[in-house]
Amino acid sequence: MTGLPILDITGLSKSYGAIRAVDGVDLQVHRGEICGLIGPNGSGKSTFFDCTSGLARPNAGSVKLDGQDITGWSLNRIAREGRMLRSFQKTVTFGALDIEENLVIAGQMFTFPSVASTFGFGARSRARVDGLRQRARELIRLSGLWDVRTQPAGNLSGGQQKLIQFASMLMPEPKLILLDEPMAGINPKLIERVVEAIRYANEQLGVSFLVIEHNIDVITSICQRVAVLDQGRKLAEGTPAEIMRNQAVREAYLGG
Amino acid sequence: MLFQISEQIVNGIVTGAVYALVAVGMTMIFGVLRAINFAHGEYYMVGTFGAWVAIEYFDLPYPVAIVAGVIATAFVALVIGQFVMRRMVGAPAEAGVLATLGIALILQNSVILLFGGGYKFFEGGYIEPVTILGVSLAEQRLLIIAVAVLVFFGLELLVTYSRMGKAMRAVSQNVECCAVVGIDVRKVVVRTFVLGAALAGLSGVLTAPVNVSVYGGMGELITFKTLPIIIMGGLGNVRGTFFAAMILGIAESLVATYVGLQFRDTVGFATLMLVLMWRPHGLFSAQARY
Amino acid sequence: MSLNESSLPLPGRDLRLPFGLAVVVLACCAPLLLGNYALHAVIISLIFLLPAHGLNLLVGYTGLLSLAQAAFFGVGAYVSALMAVHWGTPFYVNLFGAGLVAGVLALPLGIPALRLRSTSFVMCTLGFVIIGQAVAKNWISLTRGDMGLSAIPKPYFALGPASFAVSGTVGFYYLVLAIAALATFVVWLIVTSPAGRNMVAIRENETLAESVGVPTWRYKLVVFMISATFAGFGGSVYAHYLTVVSPLTFQMSNSTLMLIIVLGGGPGTISGVVFGSLLFVGLSEALRIAPELRMVAYGFCLLALVFWFPKGFAPLITRFWTMLRGRS
Amino acid sequence: MANTVHRRAFCLLASAFCLAGAPAFETSALAQDSSIRLGIVAPMSGPNARYGAFSLRGAQLAAKDINAAGGIDGRKIQVFSADSQGTPVEGVSATRRLIDQDKVDFLIGDVSSSVTLAMQPVVEDAGVLLINAASSNPKITYAAGVGGFKWSFRNYPTDENRALIVAQYAAEKRGFTKFAVLSVDSDYGRSAIEFTKKYLPRFKGQILSEDYYKEGEVDFRSVLAKIRDSGAQAIIMYGLADTTPIVARQMTEVGLAGKVPLIGNGEFNTEKTIKSAPKALEGAVEAAAWLPGWDSPKSKGFVARFTAEYREAPNNHAYVHWETVNLLGKAVEAAKSTDRAKVRDALAKIKYDSAVGEVTFDDHNQAKLPMILLQIEDGKPVVKGAYSADIDYPR
């Protein structure tokens, strides 16, 4: 946990009308770390995520990814050029497409200006797509979804779809993944598999994580460090054990 | 000059009142069904034809013909509502577009098949001009304005206080929840549809004496005029629709006078596009429904 | 959309090649099999196939319901007609001119329009058609207004010193067939490319597509332009075939016909759209047998489509392909 | 369930294909006989449907009477009709169907000039004789005969002719110098105004305002109020018959009636139109190819015959189509054959006695025909004379 943080957020603020959803939050995610973000409902976690990932524009503050200022970049540019990907709570797959297609799309990350690469002309481009397909199949096997790989993703269970989404995000060799409640609404049996997948990505592929999660057991088991948001501000930050002991955090959860 | 402008504004209000009566039904239907009704102008045509048949074939007086026209429209709308619109609940937008285009073709061409494609002459109505503040107007036009105001007042009461109005509001807010609280969404859709179509029919019957001619293709023009209105009025917003219709009526009247009649039919869509550049969700909020 | 069937064994015989050959032979021999009038109907179908292909890229693959096709179709027709009448340029120059102008025009129109969502976008695109018609009617010095441009020359080709004109229904049929086949091939290239996959991603879920790095805004704009280009090509061929253009080329019924072809044929499939254009344009021509009932019957066909084939004929076509491929 | 859906789907598909395939097989069934196969292209639906209905009835009546009288040298006239909807595209499709499907040798059509212009190249390719009977745009015969299209003829006076006569009458007989234009937005309405502008300076007239309405327009109050305030002495209107009552009524409403007359063309003279707004139409001046009140035995005979057959008085379009079918009959008789080329040559040389005078064709295949000028006086159309003018072909 030394050197430049992979994600460095300073003074991030976002208001909707008179409501200050996020109010001057600082947060760092270190290289190779799994960082948790918790807080009661309405504490601004989702808005914080949206502003970080480029889905919404912050009113103030800066987001630096790997030393590069990406404040105000669009979602797709951050994904493509920054290799920082995010997940969503509800919409998680391209429903009409099968799993392999889902993964291949996520892996493409095309730069638009090149006509040849966009339209897939030429041997190099074709080889690249073949490579992606190869990788997609590996990931499908690893996720244990091989048996359902030809089905439209929309037909699968919520948990399976979350696994697909997770596998999708591993396609473009990301540096950092933002997970928005990865365990919400999934079968308890699958929770273990998602946790395994996160561990695998973190340890084997060296991906850093920032995770919003309500399931405290999951947070304590996978995170090295946890930050707590309450009413748009950062309330506390520390190891999971420290956070569990923090009086202010307890009050926020119970009193909020 | 000032007199001229005020006269044109009065003209615009009359036109706007006609548009408002048609557009309000369309916007209500959009509210509950989330589908653009490309056939809506056809109910205007059906109403006019109903009244024309009553006068021409049965020699009924105009006030009775108004009732006949509206009833005929409501009946046609009920049939279509039961067989087609009910099934559009929860259907994708494309299905709504295709189905209503199909209905428009069927209604328009059935009427042409029955009565021929030519223009019919509409007798009846109160066409004597009266002069108010120096502006000469047919009595019928005053009637149109009066009815439009009454209808909108009535609709406000209906959606605020009546059971059906409340159900309509509920459906337009959230279809899934309605099923939970026991509102029959399909029934509400059909009723709204019949009400909306009947208002379009009423508008047709009231306008016929001043427009004189009655023909199968007349509904299509009205559909095109009302489409921009309901978007500008904030889809599903009754009050917004009323004001948007008035704005468009007045704008058309001024354009026809000072720019040229041939640009009149472009006013609606041109205004719509300018408005959308400026406010992508229309002039009036779609949130404040009814 | 499953693209990995090669790894699976095929239990039955693969009939795709013989079927494809049969279609090609049938298309080439059509003038021998069909009367002049039926051939005319097929020509009109193939002309409408071009804008329908464009619309399919937009509606079927990218998920944007647009009624603007007739506007670009009209622009293409007028550009081609004006070039042919005033400059006497050969057909292929007019064709590309028409496609180019339509495609470039789509840029300034698309930028504001694509900011809108669902219904507003549909209405805005309908507005393009209405305003296009008004321009064609009132810019009399250029378009001759309602008088239209007539006596548009037959398509002729000037290649170096040699030049020849395509005349007669049969000649035109082969010309249109070649153009339509080429266009179908180009569409196939697009939709099977990585870009095509990204388009489908946008259709399925725009935000998710953004999150995996698809620049959705640029994609939508470019697809809108490509779709306009196809419409422009169609308009050009149409102008040369009918030898007249009038402001009525810009009319909603053209847009709706194209939409019916795509939605009815099967949005998001190429064969569906080809089939749809032959069926729906052909149907409209065939129903001339009973002219009084024609439009009523057409209306009922649309309703039948909505109720019985909510996804167009695409599922049927998929079944058919599966059958051909020899699997059950 | 899925099975039934698909079965239904296949049935529907199969029937659709049968429908689509039907025309291909139909052709062989039509044997060549010695009848005269005549196609009528006219707007049967759309805003011009009234014209189409009258046109077809006129043509059918003529064919019926000719056939009842034993035909032309024993040859019966068979009438086929097709709907152009008043649009060029549909018109071309309709024309092709008549030529390819019904195998017609002769065509009469369309009412709308835009459609006729689109039909011309089609008939030229097919070598089918087209006699237009109701389109007035001059361009049609600019491009015919020595102008290019050998198979196109027109038995109808042109807008140029009409514009000149109306302008002349309004200026010389009525003393108007200030005009407002309110015409239909079509090539008929626009080109008539174009020619009016060409000739108006000759009579020291000026145009104060110029407006064009779309087919189907119903609200003229704004533009009429503008015209009222502009001080125009007459409204030049080349409009559609069905719109005239609307304009007339709204003229009454804005106070134009009785002060500013309509001049031009648009069936101002029918009983129904006059009844709709008698005050507004008083003094209206119209130039028409024909009107039911035209005083000649042949014309009177036609009105009586038509009224007896259809229980409705004929209009201009019924007459011109009736007359044109008769003209074609005479040409076939002169050619002693139904051979298209022979009939065409006979037509070019024909001298035919029509209800409004002798018809001959010039080298542009344009019939030399008079325009009848009438004025509404005391609620009745009064004929003021028939005028011919030579056409000034562009070189």
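The letters A, B, C and D name the chains in turn, as written, and every chain counts its residues from 1.
Here is the rule we go by: contacts are C-beta pairs under 8 Å (C-beta built on N, C-alpha and C of every residue); 3 or more make two chains touch, one makes a residue touch a chain.
These numbers were taken from a predicted model, which means no experiment stands behind them.
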_Keeping to the contact definition above, tell me which chains border both chain B and chain D._
C
*Most remote chain, CA-based centroid, reference being chain D*: A
*Based on Cα centres, what is the most central chain?*
C
*Whole-Å separation of chain centres (CA-atom averages), chain A against chain D*: 72
_What's the distance between the Cα centroids of chain C and chain D, rounded to whole Å?_
35
*Separation of mean Cα positions, chain C and chain A [Å, integer]*: 41
_Inter-centroid spacing, chain C versus chain B (mean Cα positions, whole Å)_ = 33
*Junction residues of chain C, two or more chains touched*: 137, 292, 295, 301
*Identify all positions of chain A at which a residue touches two or more other chains, and write them in rising order.*
none
*asked:* If a residue has to touch 2 or more other chains to count, which residues of chain B qualify?
replied: 109, 262, 265
*Between which chains is there touch?*
A-C, B-C, B-D, C-D
*Contact footprint of chain B on chain D as seen in their complex*: 43-47, 49-50, 52-53, 182, 185, 210-214, 216-223, 225-226, 229, 241-243, 245-246, 249-250, 252-255, 272, 276
*Partner chain B, residues of chain C touching it in the complex*: 59, 65, 112, 115-120, 122-124, 126-127, 130-131, 134, 137-138, 252, 256, 259-260, 263-264, 267, 292-296, 298-303, 305-307, 310
*Within their complex, state which residues of chain A touch chain C.*
53, 55, 74-77, 79-80, 85-88, 91-98, 100-101, 104-106, 108-110, 112, 117-121, 125, 129, 133, 150, 168-169, 172
_For the chain C and chain A complex, residues of the former touching the latter_ = 1-4, 189-190, 192-195, 197-198, 200-201, 204-205, 207-219
*chain D-facing residues of chain C, complex*: 33-38, 40-41, 44, 137, 140, 145-148, 150-151, 167-168, 242-244, 246, 248-249, 278-279, 282-283, 285-289, 291-292, 295, 301, 304, 308-309, 313, 316, 319
